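Labels run A, B, C, D and E following the written order; every chain starts at residue 1.
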Amino acid sequence: MILAKVVGHVVATQKCQELSGSNLLMVTKLGDDLEPLKNKTYVAVDSVGAGINDIVLAEAYFALNKDNYKAMSVVAIVEKVYTKE
Amino acid sequence: MILAKVVGHVVATQKCQELSGSNLLMVTKLGDDLEPLKNKTYVAVDSVGAGINDIVLAEAYFALNKDNYKAMSVVAIVEKVYTKE
Amino acid sequence: MILAKVVGHVVATQKCQELSGSNLLMVTKLGDDLEPLKNKTYVAVDSVGAGINDIVLAEAYFALNKDNYKAMSVVAIVEKVYTKE
Amino acid sequence: MILAKVVGHVVATQKCQELSGSNLLMVTKLGDDLEPLKNKTYVAVDSVGAGINDIVLAEAYFALNKDNYKAMSVVAIVEKVYTKE
Amino acid sequence: MILAKVVGHVVATQKCQELSGSNLLMVTKLGDDLEPLKNKTYVAVDSVGAGINDIVLAEAYFALNKDNYKAMSVVAIVEKVYTKE
(Lines give C-alpha, C1' and ligand atoms only; values in the text may rest on other atoms or scores of the structure.)
Protein backbone atom coordinates (compact mmCIF):
# COMPACT_ATOMS: atom_id res chain seq x y z
CA MET A 1 0.00 0.00 0.00
CA ILE A 2 1.05 3.58 -0.53
CA LEU A 3 0.43 6.85 1.26
CA ALA A 4 -1.34 9.25 -1.08
CA LYS A 5 -3.24 12.53 -1.10
CA VAL A 6 -6.66 12.97 -2.67
CA VAL A 7 -6.20 15.66 -5.34
CA GLY A 8 -9.39 15.44 -7.38
CA HIS A 9 -11.96 13.16 -8.92
CA VAL A 10 -13.02 11.86 -12.30
CA VAL A 11 -16.43 11.80 -13.99
CA ALA A 12 -17.10 8.89 -16.36
CA THR A 13 -20.60 7.96 -17.48
CA GLN A 14 -19.58 5.20 -19.88
CA LYS A 15 -17.81 2.59 -17.75
CA CYS A 16 -17.64 -1.13 -17.22
CA GLN A 17 -20.17 -2.75 -14.91
CA GLU A 18 -17.75 -3.35 -12.03
CA LEU A 19 -17.22 0.39 -11.62
CA SER A 20 -20.89 1.47 -11.72
CA GLY A 21 -21.78 3.51 -8.66
CA SER A 22 -18.12 3.93 -7.66
CA ASN A 23 -16.62 7.22 -6.59
CA LEU A 24 -13.42 7.63 -8.64
CA LEU A 25 -10.77 9.62 -6.76
CA MET A 26 -7.51 10.97 -8.13
CA VAL A 27 -4.79 10.20 -5.59
CA THR A 28 -1.13 11.24 -5.76
CA LYS A 29 1.60 9.15 -4.12
CA LEU A 30 3.51 10.99 -1.37
CA GLY A 31 7.30 11.18 -1.18
CA ASP A 32 9.51 10.91 1.91
CA ASP A 33 8.63 14.50 2.85
CA LEU A 34 4.93 13.55 2.70
CA GLU A 35 4.46 15.88 -0.29
CA PRO A 36 2.84 14.66 -3.58
CA LEU A 37 5.32 13.29 -6.14
CA LYS A 38 5.41 14.39 -9.79
CA ASN A 39 3.56 12.19 -12.33
CA LYS A 40 2.49 9.66 -9.66
CA THR A 41 -1.25 10.22 -9.78
CA TYR A 42 -3.62 7.27 -10.01
CA VAL A 43 -7.40 6.84 -10.08
CA ALA A 44 -8.74 4.76 -7.19
CA VAL A 45 -12.19 3.59 -6.15
CA ASP A 46 -13.17 5.11 -2.80
CA SER A 47 -14.25 2.60 -0.16
CA VAL A 48 -14.01 4.74 3.00
CA GLY A 49 -15.61 8.09 2.17
CA ALA A 50 -12.40 10.06 1.59
CA GLY A 51 -12.54 13.69 0.45
CA ILE A 52 -10.31 16.25 -1.24
CA ASN A 53 -6.94 16.87 0.49
CA ASP A 54 -7.28 13.79 2.74
CA ILE A 55 -4.15 11.71 3.27
CA VAL A 56 -5.16 8.14 2.51
CA LEU A 57 -3.84 4.62 2.23
CA ALA A 58 -4.29 3.28 -1.29
CA GLU A 59 -3.95 -0.34 -2.29
CA ALA A 60 -1.77 -0.14 -5.38
CA TYR A 61 -3.13 -3.38 -6.79
CA PHE A 62 -6.58 -4.76 -6.49
CA ALA A 63 -7.29 -7.62 -4.15
CA LEU A 64 -7.68 -7.72 -0.40
CA ASN A 65 -9.63 -10.96 -0.14
CA LYS A 66 -10.43 -13.78 -2.49
CA ASP A 67 -14.16 -13.12 -2.79
CA ASN A 68 -13.89 -9.49 -3.64
CA TYR A 69 -11.36 -8.61 -6.34
CA LYS A 70 -11.55 -4.97 -7.14
CA ALA A 71 -9.79 -2.14 -8.89
CA MET A 72 -7.18 0.04 -7.14
CA SER A 73 -8.87 1.40 -4.01
CA VAL A 74 -8.57 3.89 -1.21
CA VAL A 75 -8.68 1.58 1.83
CA ALA A 76 -8.10 3.92 4.79
CA ILE A 77 -8.04 7.58 5.79
CA VAL A 78 -4.76 8.34 7.59
CA GLU A 79 -4.91 10.47 10.75
CA LYS A 80 -1.26 10.51 11.70
CA VAL A 81 2.06 9.28 10.32
CA TYR A 82 4.78 8.49 12.86
CA THR A 83 8.37 8.27 11.65
CA LYS A 84 11.55 7.98 13.64
CA GLU A 85 13.04 11.32 12.57
CA MET B 1 -6.11 2.61 -12.48
CA ILE B 2 -4.48 5.24 -14.63
CA LEU B 3 -5.69 8.10 -16.78
CA ALA B 4 -4.59 7.52 -20.37
CA LYS B 5 -5.22 8.74 -23.90
CA VAL B 6 -6.07 6.42 -26.80
CA VAL B 7 -3.29 6.98 -29.36
CA GLY B 8 -3.75 4.09 -31.78
CA HIS B 9 -4.54 0.43 -32.17
CA VAL B 10 -2.82 -2.83 -32.97
CA VAL B 11 -3.65 -5.53 -35.53
CA ALA B 12 -2.73 -9.09 -34.59
CA THR B 13 -4.19 -12.10 -36.39
CA GLN B 14 -2.17 -14.74 -34.57
CA LYS B 15 -3.15 -14.42 -30.92
CA CYS B 16 -4.08 -16.53 -27.92
CA GLN B 17 -7.68 -17.58 -27.50
CA GLU B 18 -8.49 -15.19 -24.65
CA LEU B 19 -7.86 -12.20 -26.93
CA SER B 20 -9.88 -13.38 -29.94
CA GLY B 21 -12.44 -10.79 -30.97
CA SER B 22 -10.85 -8.12 -28.74
CA ASN B 23 -10.20 -4.57 -29.89
CA LEU B 24 -6.58 -3.82 -28.94
CA LEU B 25 -6.04 -0.13 -28.18
CA MET B 26 -2.73 1.66 -27.66
CA VAL B 27 -3.12 3.92 -24.62
CA THR B 28 -0.54 6.35 -23.23
CA LYS B 29 -0.46 7.25 -19.52
CA LEU B 30 -1.06 10.94 -18.81
CA GLY B 31 1.17 13.09 -16.62
CA ASP B 32 0.12 15.72 -14.06
CA ASP B 33 -0.56 18.19 -16.89
CA LEU B 34 -2.89 15.60 -18.49
CA GLU B 35 -0.52 15.27 -21.45
CA PRO B 36 0.80 11.84 -22.63
CA LEU B 37 4.08 10.75 -20.98
CA LYS B 38 7.13 9.52 -22.92
CA ASN B 39 7.55 5.73 -23.27
CA LYS B 40 4.44 4.98 -21.18
CA THR B 41 2.30 3.41 -23.89
CA TYR B 42 0.50 0.12 -23.25
CA VAL B 43 -1.85 -2.11 -25.21
CA ALA B 44 -5.25 -2.57 -23.56
CA VAL B 45 -8.40 -4.50 -24.44
CA ASP B 46 -11.31 -2.15 -25.05
CA SER B 47 -14.43 -2.89 -23.00
CA VAL B 48 -16.33 0.40 -23.36
CA GLY B 49 -16.17 1.37 -27.04
CA ALA B 50 -13.37 3.97 -26.73
CA GLY B 51 -11.98 5.68 -29.84
CA ILE B 52 -8.88 7.57 -30.93
CA ASN B 53 -8.00 10.63 -28.77
CA ASP B 54 -10.45 9.65 -26.00
CA ILE B 55 -9.26 10.13 -22.42
CA VAL B 56 -9.90 6.83 -20.68
CA LEU B 57 -9.46 5.01 -17.42
CA ALA B 58 -7.26 1.93 -17.88
CA GLU B 59 -6.89 -0.85 -15.39
CA ALA B 60 -3.12 -1.32 -15.21
CA TYR B 61 -3.40 -4.94 -14.16
CA PHE B 62 -5.98 -7.46 -15.15
CA ALA B 63 -8.70 -8.43 -12.71
CA LEU B 64 -11.86 -6.63 -11.67
CA ASN B 65 -13.81 -9.61 -10.39
CA LYS B 66 -12.95 -13.19 -9.58
CA ASP B 67 -14.93 -14.80 -12.40
CA ASN B 68 -13.53 -12.73 -15.17
CA TYR B 69 -9.74 -12.36 -15.19
CA LYS B 70 -8.65 -10.45 -18.20
CA ALA B 71 -5.75 -8.62 -19.76
CA MET B 72 -5.12 -4.89 -19.18
CA SER B 73 -8.34 -3.13 -20.14
CA VAL B 74 -9.88 0.23 -20.87
CA VAL B 75 -12.65 0.33 -18.25
CA ALA B 76 -14.19 3.80 -18.64
CA ILE B 77 -14.29 6.84 -20.92
CA VAL B 78 -13.52 9.97 -18.91
CA GLU B 79 -15.67 13.05 -19.49
CA LYS B 80 -14.14 15.43 -17.00
CA VAL B 81 -11.23 15.53 -14.57
CA TYR B 82 -11.62 17.77 -11.51
CA THR B 83 -8.49 18.75 -9.58
CA LYS B 84 -8.09 21.23 -6.77
CA GLU B 85 -5.80 23.63 -8.64
CA MET C 1 0.08 -5.60 -22.15
CA ILE C 2 3.19 -4.23 -23.79
CA LEU C 3 4.57 -4.12 -27.31
CA ALA C 4 7.89 -5.96 -27.41
CA LYS C 5 10.41 -7.40 -29.84
CA VAL C 6 11.71 -10.96 -29.63
CA VAL C 7 15.49 -10.61 -29.22
CA GLY C 8 16.59 -14.10 -28.20
CA HIS C 9 15.78 -17.15 -26.14
CA VAL C 10 16.93 -18.89 -22.99
CA VAL C 11 17.95 -22.52 -22.38
CA ALA C 12 17.20 -23.91 -18.91
CA THR C 13 17.19 -27.64 -18.19
CA GLN C 14 16.60 -27.35 -14.46
CA LYS C 15 13.27 -25.62 -14.06
CA CYS C 16 10.06 -25.85 -12.09
CA GLN C 17 7.33 -28.14 -13.35
CA GLU C 18 5.04 -25.39 -14.63
CA LEU C 19 7.66 -24.32 -17.19
CA SER C 20 8.51 -27.79 -18.53
CA GLY C 21 8.11 -27.91 -22.30
CA SER C 22 7.83 -24.12 -22.57
CA ASN C 23 9.69 -22.05 -25.12
CA LEU C 24 11.35 -19.21 -23.18
CA LEU C 25 11.71 -16.07 -25.30
CA MET C 26 13.66 -12.93 -24.46
CA VAL C 27 11.47 -9.94 -25.31
CA THR C 28 12.40 -6.26 -25.09
CA LYS C 29 9.77 -3.58 -24.45
CA LEU C 30 9.46 -1.03 -27.27
CA GLY C 31 9.52 2.73 -26.77
CA ASP C 32 7.34 5.35 -28.48
CA ASP C 33 9.50 5.09 -31.62
CA LEU C 34 8.86 1.32 -31.67
CA GLU C 35 12.55 0.67 -30.97
CA PRO C 36 13.68 -1.60 -28.07
CA LEU C 37 14.29 0.24 -24.77
CA LYS C 38 17.46 -0.13 -22.69
CA ASN C 39 17.37 -2.63 -19.79
CA LYS C 40 13.71 -3.53 -20.42
CA THR C 41 14.19 -7.16 -21.45
CA TYR C 42 12.04 -9.90 -19.92
CA VAL C 43 11.73 -13.66 -20.36
CA ALA C 44 8.27 -14.74 -21.52
CA VAL C 45 6.67 -18.10 -22.29
CA ASP C 46 5.70 -18.34 -25.95
CA SER C 47 2.07 -19.27 -26.62
CA VAL C 48 1.70 -18.24 -30.26
CA GLY C 49 4.78 -19.54 -32.08
CA ALA C 50 6.72 -16.26 -32.21
CA GLY C 51 10.24 -16.11 -33.66
CA ILE C 52 13.29 -13.89 -33.51
CA ASN C 53 12.71 -10.23 -34.52
CA ASP C 54 8.90 -10.58 -34.35
CA ILE C 55 6.99 -7.68 -32.80
CA VAL C 56 4.72 -9.24 -30.19
CA LEU C 57 2.19 -8.43 -27.53
CA ALA C 58 3.41 -9.61 -24.13
CA GLU C 59 1.26 -9.89 -21.05
CA ALA C 60 3.42 -8.24 -18.39
CA TYR C 61 1.84 -10.21 -15.58
CA PHE C 62 0.56 -13.73 -15.66
CA ALA C 63 -3.14 -14.41 -15.78
CA LEU C 64 -5.62 -14.21 -18.64
CA ASN C 65 -8.27 -16.49 -17.21
CA LYS C 66 -8.96 -18.00 -13.82
CA ASP C 67 -8.29 -21.62 -14.73
CA ASN C 68 -4.95 -21.06 -16.31
CA TYR C 69 -2.54 -18.91 -14.32
CA LYS C 70 0.77 -18.76 -16.04
CA ALA C 71 4.05 -16.92 -16.16
CA MET C 72 4.61 -13.80 -18.29
CA SER C 73 3.63 -14.78 -21.83
CA VAL C 74 3.78 -13.71 -25.45
CA VAL C 75 0.06 -13.60 -26.31
CA ALA C 76 -0.02 -12.28 -29.90
CA ILE C 77 2.16 -11.58 -32.91
CA VAL C 78 1.62 -7.99 -34.08
CA GLU C 79 1.24 -7.34 -37.81
CA LYS C 80 0.68 -3.61 -37.80
CA VAL C 81 0.65 -0.75 -35.31
CA TYR C 82 -1.56 2.24 -36.18
CA THR C 83 -0.92 5.52 -34.38
CA LYS C 84 -2.42 8.93 -35.01
CA GLU C 85 0.81 10.63 -36.00
CA MET D 1 9.99 -9.84 -1.97
CA ILE D 2 12.11 -6.90 -0.97
CA LEU D 3 14.45 -6.11 1.89
CA ALA D 4 13.16 -3.09 3.79
CA LYS D 5 13.61 -1.19 7.04
CA VAL D 6 10.76 -0.31 9.39
CA VAL D 7 10.80 3.50 9.61
CA GLY D 8 7.48 4.30 11.26
CA HIS D 9 3.82 3.49 11.46
CA VAL D 10 0.46 4.89 10.43
CA VAL D 11 -2.71 5.52 12.45
CA ALA D 12 -6.00 5.18 10.57
CA THR D 13 -9.32 4.80 12.36
CA GLN D 14 -11.52 4.88 9.28
CA LYS D 15 -10.45 1.89 7.20
CA CYS D 16 -11.91 -0.96 5.18
CA GLN D 17 -12.89 -4.13 6.99
CA GLU D 18 -9.95 -6.23 5.76
CA LEU D 19 -7.50 -3.95 7.56
CA SER D 20 -9.30 -3.75 10.92
CA GLY D 21 -7.00 -4.77 13.74
CA SER D 22 -3.91 -4.60 11.52
CA ASN D 23 -0.67 -2.95 12.52
CA LEU D 24 0.28 -0.65 9.63
CA LEU D 25 4.05 -0.25 9.32
CA MET D 26 5.94 2.18 7.11
CA VAL D 27 8.77 0.26 5.45
CA THR D 28 11.46 1.67 3.16
CA LYS D 29 13.10 -0.48 0.46
CA LEU D 30 16.86 -0.92 0.92
CA GLY D 31 19.43 -0.32 -1.81
CA ASP D 32 22.52 -2.40 -2.61
CA ASP D 33 24.35 -0.83 0.34
CA LEU D 34 21.48 -1.94 2.62
CA GLU D 35 20.55 1.71 3.24
CA PRO D 36 16.97 3.01 2.73
CA LEU D 37 16.28 4.37 -0.78
CA LYS D 38 14.70 7.78 -1.46
CA ASN D 39 10.92 7.84 -2.08
CA LYS D 40 10.60 4.04 -1.78
CA THR D 41 8.47 3.90 1.35
CA TYR D 42 5.37 1.71 1.48
CA VAL D 43 2.77 0.85 4.10
CA ALA D 44 2.63 -2.86 4.95
CA VAL D 45 0.53 -4.96 7.30
CA ASP D 46 2.68 -6.53 10.00
CA SER D 47 2.34 -10.31 10.34
CA VAL D 48 5.46 -11.12 12.37
CA GLY D 49 5.66 -8.55 15.19
CA ALA D 50 8.29 -6.27 13.61
CA GLY D 51 9.36 -3.05 15.33
CA ILE D 52 11.00 0.24 14.46
CA ASN D 53 14.45 -0.06 12.79
CA ASP D 54 14.04 -3.79 12.10
CA ILE D 55 15.26 -5.06 8.73
CA VAL D 56 12.38 -7.06 7.30
CA LEU D 57 11.26 -9.00 4.27
CA ALA D 58 8.19 -7.40 2.70
CA GLU D 59 5.99 -9.04 0.12
CA ALA D 60 5.57 -6.30 -2.47
CA TYR D 61 2.26 -7.65 -3.67
CA PHE D 62 -0.38 -9.39 -1.69
CA ALA D 63 -0.85 -13.12 -1.94
CA LEU D 64 1.09 -15.95 -0.37
CA ASN D 65 -1.59 -18.63 -0.57
CA LYS D 66 -4.91 -18.96 -2.31
CA ASP D 67 -7.10 -18.88 0.77
CA ASN D 68 -5.63 -15.77 2.27
CA TYR D 69 -5.23 -12.84 -0.10
CA LYS D 70 -4.02 -9.83 1.77
CA ALA D 71 -2.52 -6.39 1.39
CA MET D 72 1.25 -5.81 1.18
CA SER D 73 2.77 -7.45 4.26
CA VAL D 74 5.89 -7.75 6.34
CA VAL D 75 6.49 -11.52 6.16
CA ALA D 76 9.80 -12.01 8.01
CA ILE D 77 12.29 -10.28 10.28
CA VAL D 78 15.78 -10.56 8.80
CA GLU D 79 18.66 -11.45 11.12
CA LYS D 80 21.51 -11.53 8.67
CA VAL D 81 22.14 -10.82 4.99
CA TYR D 82 24.94 -12.76 3.32
CA THR D 83 26.33 -11.45 0.03
CA LYS D 84 29.35 -12.61 -1.91
CA GLU D 85 31.33 -9.38 -1.56
CA MET E 1 10.02 -13.31 -15.66
CA ILE E 2 13.42 -11.74 -15.34
CA LEU E 3 17.00 -12.91 -15.76
CA ALA E 4 18.85 -12.51 -12.48
CA LYS E 5 22.04 -13.52 -10.71
CA VAL E 6 22.12 -15.12 -7.27
CA VAL E 7 24.20 -12.76 -5.14
CA GLY E 8 23.54 -13.95 -1.60
CA HIS E 9 20.97 -15.23 0.84
CA VAL E 10 18.99 -14.10 3.83
CA VAL E 11 18.56 -15.64 7.29
CA ALA E 12 15.21 -15.04 8.99
CA THR E 13 14.04 -17.11 11.94
CA GLN E 14 10.86 -15.18 12.61
CA LYS E 15 8.77 -15.50 9.48
CA CYS E 16 5.22 -16.19 8.35
CA GLN E 17 4.11 -19.76 7.97
CA GLU E 18 4.13 -19.81 4.17
CA LEU E 19 7.88 -19.19 4.14
CA SER E 20 8.87 -21.79 6.74
CA GLY E 21 11.49 -24.14 5.36
CA SER E 22 12.15 -21.92 2.33
CA ASN E 23 15.60 -21.02 1.10
CA LEU E 24 15.61 -17.23 0.67
CA LEU E 25 17.96 -16.13 -2.11
CA MET E 26 19.03 -12.59 -2.96
CA VAL E 27 18.82 -12.19 -6.73
CA THR E 28 19.83 -9.15 -8.77
CA LYS E 29 18.13 -8.35 -12.10
CA LEU E 30 20.52 -8.37 -15.07
CA GLY E 31 20.78 -5.55 -17.63
CA ASP E 32 21.17 -5.85 -21.40
CA ASP E 33 24.87 -6.66 -20.96
CA LEU E 34 23.90 -9.53 -18.62
CA GLU E 35 25.54 -7.71 -15.70
CA PRO E 36 23.67 -7.06 -12.40
CA LEU E 37 21.82 -3.71 -12.28
CA LYS E 38 22.15 -1.20 -9.43
CA ASN E 39 19.46 -1.31 -6.71
CA LYS E 40 17.52 -4.11 -8.44
CA THR E 41 18.02 -6.84 -5.85
CA TYR E 42 15.05 -8.90 -4.64
CA VAL E 43 14.59 -11.80 -2.25
CA ALA E 44 13.14 -14.91 -3.89
CA VAL E 45 12.19 -18.37 -2.66
CA ASP E 46 14.36 -21.04 -4.28
CA SER E 47 12.44 -23.84 -5.99
CA VAL E 48 15.16 -25.35 -8.17
CA GLY E 49 18.27 -25.66 -5.98
CA ALA E 50 20.11 -22.58 -7.25
CA GLY E 51 23.43 -21.50 -5.74
CA ILE E 52 25.59 -18.41 -5.47
CA ASN E 53 26.57 -16.83 -8.83
CA ASP E 54 24.02 -18.89 -10.80
CA ILE E 55 22.13 -17.08 -13.54
CA VAL E 56 18.47 -17.82 -12.90
CA LEU E 57 14.97 -17.09 -14.12
CA ALA E 58 12.94 -15.39 -11.41
CA GLU E 59 9.20 -14.96 -11.47
CA ALA E 60 8.79 -11.32 -10.50
CA TYR E 61 5.34 -11.88 -9.10
CA PHE E 62 4.01 -14.92 -7.33
CA ALA E 63 1.70 -17.30 -9.10
CA LEU E 64 2.40 -20.00 -11.66
CA ASN E 65 -0.74 -22.06 -11.14
CA LYS E 66 -3.99 -21.55 -9.32
CA ASP E 67 -3.46 -24.12 -6.59
CA ASN E 68 -0.07 -22.92 -5.53
CA TYR E 69 0.24 -19.20 -4.98
CA LYS E 70 3.64 -18.35 -3.67
CA ALA E 71 6.04 -15.52 -3.07
CA MET E 72 8.54 -14.34 -5.71
CA SER E 73 10.50 -17.45 -6.75
CA VAL E 74 13.54 -18.65 -8.62
CA VAL E 75 11.87 -20.92 -11.22
CA ALA E 76 14.79 -22.06 -13.42
CA ILE E 77 18.57 -22.17 -13.63
CA VAL E 78 19.71 -20.70 -16.95
CA GLU E 79 22.42 -22.52 -18.89
CA LYS E 80 22.70 -20.32 -21.93
CA VAL E 81 21.24 -17.06 -23.21
CA TYR E 82 21.00 -16.67 -26.99
CA THR E 83 20.56 -13.17 -28.42
CA LYS E 84 20.68 -12.04 -32.01
CA GLU E 85 23.77 -9.87 -31.65
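FYI, a residue touches a chain if its C-beta (ideal position, glycine included) is under 8 Å from a C-beta of that chain, and two chains touch if they have at least 3 such contacts.
In UniProt terms, the chains line up like this: A, B, C, D, E = EutN/CcmL family microcompartment protein.
Predicted, not measured: the structure shown is a model, and the values here were computed from it.
Rotation angle, chain A onto chain E, C-alpha superposition: 145 degrees, expressed as a multiple of 5. Per-chain Cα centroids separate chain B from chain D by 31 Å.
For this pair, chain B with chain C, the centres built from the Cα atoms lie 19 Å apart.
Counting partner chains per residue, chain E shows two or more touched chains at residues 61, 63, 66. Touching chains close into a ring; read starting at chain A and passing to chain B, it gives A, B, C, E, D. Put simply, chain A touches chain D in their complex at residues 1-3, 31-32, 37, 47-49, 57, 59-61, 63-66, 73, 75-84. Touching chain A in their complex are the following residues of chain D: 7-16, 18-19, 24, 26, 38-39, 41-44, 52-53, 61-63, 66-72.
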